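Shared chain: chain A. Partners: chain B in the first complex, chain C in the second.
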Partner chain A sequence: MKNKTSYAIAAGIAVIMIAFPAFLGAYPLNVARSVMTYMALAISWDMLLRSGQISFGIAGLFGLGSYASALAVLRGGMDPFLSIVFAAVFAGVMAYALGFVVLRLRSMYFSITTLALMEIFRIIIHNLHDFSGGPEGVVLPGVIFKGSASALYWLCLGGLFITIGASYYFEKSKMHLALTAIRNDETSARSNGVDIFKYLLIAFVVTSTLQGMMGAIQVQSYGFTMPDTAFDGNFTLLPLAMALLGGVHSTIGPMAGAVLLGVSAEWLKLQIPYGHLVVYGIIIIIVILFMPQGIVGMVRKASRTGRRSGRKAGASNE
Partner chain B sequence: MKKALAILVIVTMAVSAFAMGGKDGAAAAAGEPATIKLGGTWPLGDITGKQGSMAAQQAVDEINAAGGINGHKLELIVIDDEMKADKGASAFEKLITVDKVDMLIGGMASGVALGQIPVLKKYNKVYLATGAASFKVEEALGADANWYFHLHPWDYNQGASYAEGWAAIQEKYPEIQIKKLFLAYEEGAFGKASYDATKVLFGADDRYIIDGAPFKSAALGGGDYAAVLKAAKDFQPDLFLWAGWEADALPLLEQSKAMKFNPGIYLGAPPGWPADFGASSLANNVMLYGMWAPSINDISPVSKKFYDGFVAKFGIEPATYFAPLSYSAVYIAADAIKRAGSTDTEALIKALAATNYDSPLGQTVTFTPSNIIKHQGVKNQKILQWQNGRQEVIWPFDAATAKPVYPFPAW
Partner chain C sequence: MSKLTTVGLTKAFSGLVAVNDVSFNMEEGEILGIIGPNGAGKTTFIHLVSGILMPTSGTITFKGQDITYAPAHQRSRMGIARTYQLIHPLENLKVIENVMVGAVFSKDMSLKAARLESERICAELELEGLERDTTQLSILEIKKMEIARALANEPEVLFLDEVMAGLNSDETKHLIATIQRIARERKLAVGVVEHVMGVIRELTQRVIVLEAGELIAEGPYGEVSKNPRVIEAYLGGAA
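And then the complex of A and B:
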């Protein structure tokens, strides 16, 4: 019964989100696209984090997806929509190949390697001047769906739904058990028959595919890409901050963090044009200092405390 | 259940916040019909955007103090583009659909402009751009964008004017002879485009021998210029040019001094300089490319009016040409609206195309076609030199405020 109600509410929210273009203007839809992009990146980052692996390579895979899609259209004459699928698969295949090397590393060694990969991708794109446009980037013949605000919104929403679906699958399938076991104690997990490399590889490939897909959606929505924008460090740092703010190891946490940080960043910018980034930074620091478990963690803690005191009160009444 | 409710609450709050934002804008527009609205985006965290937007506000205040435009008050709405394409596009969406501005102005980075172009093409809103030098922007705009008025020179305009300037300087001052030219460029789009344009425009008739090497800008986490300076020193150039950001200006000079690298001409081409650069002893006799310097006050009353007004209003000196350029943009827009007698797009385009504005840049601004677009404003840059803490204009000679000091003094 409880599950059925949850699914009904989730479906209701999905319907409302799909219907947003009917009652929101182009500007809120544009902001929503930005929030959804970061939300999808935050969720995908968290999906790999559930195995205990901290990746700093989001921007690298996002940029790789951007360029794969842009170059497929420009050099290969591919349909823009198909190029998004192609870019996602391309990022996944690259992650599969790289996974055999980087997934043998753990903790900070893995993190630093993913950061280095991001820089390597950027430098390669930088130097393939004739093919990739070099530092000046490439401009596409046009924006997908002729720039229709509603269509671009739905495209981004589609990417987000796929990401949420994948994350939900990770939460509810045996992937959850395997990744949690690896995070808690790798030796113990291995001795219990968990194929550690296989599960890490699946998580790495799936999250990279999602990040590449969002990069492709971004480039097709703006009609151009250049290394400085495609591999912008913000595509690593902001999703990370959003997931930490919302609460890690869940789908809802990064979603909450993305909405709060995304909307507050835009709101602050309009209220304090000349100092919003300082205030924004201070808010992130304060929240992470005082709510290290994130918003969702704090809500859960408060809920548990409430239940416990309720039970105590009930027992004393008896 | 709780998760789903939490999402519902968050989404509802977010939607309400932005939906209310839209209503507020519409109400304001309905309540103040007499106001003519300009919408501008600049990178407010960068000195170019910060001072550009401040100077634009200064011009708006001056115009309003003088009675406005045909009796209407002028209003400027500024949004930070954060030097990000998606933020810049989103800001234009807000200015056009929520704030319902009559005209757009501003801008600095080409990467942001590229992200804004789909929005501009969707609404065909008249835009007076103060930035975006990359030819990629012009390619993306296409020949049909007659609503796009570009004040800042394109990269190829700048390259051509530098080639012309150095040829003229060598002719007028025979002691200055340039054969070998080395360009140290930041590895991003700006630096690479500068290098490509320099190679094409200076290397055209084998008059110059050109070499160059990239560096990672201090603004982007770099700051070690040893490799590029070693390559430059080995090349022994007559003219050393660096194209980077303001954060590179002093570290490059310090490391050049440490390596005893002192070419005949030491030239920088960042879009903005550190505010107190002239106070450094290292700055003396460094040459620079730019569109404006405070010394132009000596030859242009419009420049003096801009400069005095800026210092009086903000208590600081304008440190980048984006300030007078943005100030000019507001005056050009106001003049066009006044002549058009309305903010109707076609009337505004026609009036803007007929602009003839005596600008604080020390030159008159008109719009003529460039390689692709129909309305290109300024097509040249100036060659300047830091002399005793002051930027002096060396070329063009009709705007010159001093003679060049040559060679660059040994360390």
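And then the complex of A and C:
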């Protein structure tokens, strides 16, 4: 019963989101695209976090996807839409190869290495002048779907839906047991048949594919990119802040965080240009100090204690 | 029939030899005690046969197959399960999900089948309240949950590392009876590490005694407890 209601609510929200272009102008659609991109990145980051691995490499995979897509179109003459699929697969294959090295590492060593990988990607692209366009970046012959605001919105929404779908699968399938077991206790996981490396590799490849896909969607929607844009540290920092604010280890948490931070960031940007990053920093600090479970965690806790005290009251009435 | 055999099993941590040239054998359906003073190498020995640590030398054979260097998750799939001296609950999973992990990954069960199987195993162990968080469990319930999780791997050999630690005497009696019943019903070979000799006397048919990594005695508890070497190991040379 409870499941049916939440499915109905989710379907309703999905329909409303699909219908947005019917009653929103170009600017709000643009903001929505930005929020959805960060939301997808926040969810994908959280998916790997469920195994206990904190990645600082989101921007690296995002940028890699951007460039794979842009260069496939520019140098290979690939269809723009197909190039998004290609870029997603490319990011996944890179993650698969790199996973054999970085997934041997844990905790801060893993985090620092993913951060370094991002820099390595950026520097390579920066220096491959003839192929990648170097620091000046690349300009595509055109924007995908001839730049139609609605089509671009739906493309981004499609990317987001795929990400939410993958995250939901991670929550409801045996991936949930595997990743949580690895996060809680690797020794215990091993003793119960969990092939730790295999499941970490699956999570790393899937999340990297999603991040690469979102990068490709981004570059095809703007028609140009350069290393400092594609590998912008904000693509690591903001999703992280959103997931932390909303509540980690779930799909709904990063989504809530992305809506809250994404929309308020857009507003703050207009009020205090660049100052919004300071506000972000403060939010991260406050969240980590006072609500480590995020908004969703707080709501869950509140509803649980509410239910418990309700039950107590009911019992004393009898 | 011999289930698990080690020959000359040795583990050295740089200079320190924690397990030294241990050869032993576990039969189908037997409950074997593994005893010895603190630091004798009992837990290291279980780490070696369950694949948590890799040996320096020697061999481990399970049902005729050489598993000396097989990774831990493969051994649990083959039929060697264990619990830990320090409790290892998966705290972000519910009780039932904790148990399901064993069935899903060692037995490749679907979530649905694993849930049914896990409920059955918990009923066998008289463990209730399966939708609870692990933080709500008593120590006896956590121990049972960890045994249930090990059983969900459908093991043929099960190692219990100080499973009675922290239990009162009634709970200990209850768990001894439970383990005996399960071992009998499942034709399980059980290896028990325990410091409480009363438990070893009640529970086991045979014991091996480790001291400073070496196997110094073997046989029924009644015999071994009279062995002068064993008494010396426990009480010290001066006694």
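In this section, the second predicted complex is superposed on the first by the 299 of 318 C-alpha atoms of A that agree within 3 Å, B and C clash if a C-alpha of one lies under 4 Å from a C-alpha of the other, contacts with A are read in each partner's own complex, and residues count from 1 in each chain.
In this text, contacts are C-beta pairs under 8 Å (C-beta built on N, C-alpha and C of every residue); 3 or more make two chains touch, one makes a residue touch a chain.
On a predicted model such as this, the values are computed, not experimentally measured, just so you know.
Three-chain overlay on chain A, with chain B and chain C fitting side by side and no clash. Of the two partner chains, chain B is the only one that A:Met226 touches; chain C does not reach it. Of the two partner chains placed around the shared chain by superposition, neither chain B nor chain C is touched by A:Val279. Shared-chain residue A:Leu74: touches no atom of chain B or chain C.
In the superposed pair of complexes, A:Lys269 makes contact with chain B only, with no contact to chain C.
Put simply, more of the residues of chain A are touched by B, taking chain B and chain C as the two choices.
Judged by the touch definition given at the top, the superposed model places A:Arg190 against chain C, while chain B stays out of reach.
Between chain B and chain C in the chain A overlay, the least Cα distance found is 19 Å.
Contacts of chain A with chain B, set against its contacts with chain C after fitting on chain A, share not one residue. Remark: chain B residues 1-8, 10-11, 13-15, 17-19, 21-22, 44-45, 50, 53, 78-80, 82, 84-87, 89-90, 93-94, 96-98, 111, 114-115, 117-119, 121-122, 134, 136, 139-140, 187-189, 191-193 touch chain A in the complex. The residues of chain C lying in touch with chain A in their complex are 50-52, 71-73, 76-77, 81-82, 84, 88-93, 97, 100-102, 104-107, 111, 149-150, 152-153. Within the complex formed with chain C, the chain A residues making contact are 173-174, 177-178, 180-181, 183-185, 187-196, 249. Interface of chain A with chain B (complex): residues 2, 5-6, 9-10, 12-13, 16-17, 20, 23-28, 30-35, 37, 126, 134-137, 139, 143, 147, 149, 218, 222-224, 226-229, 232, 234, 252, 255-256, 259-260, 263, 266-267, 269-270, 273-274, 276-277, 296, 299, 303.
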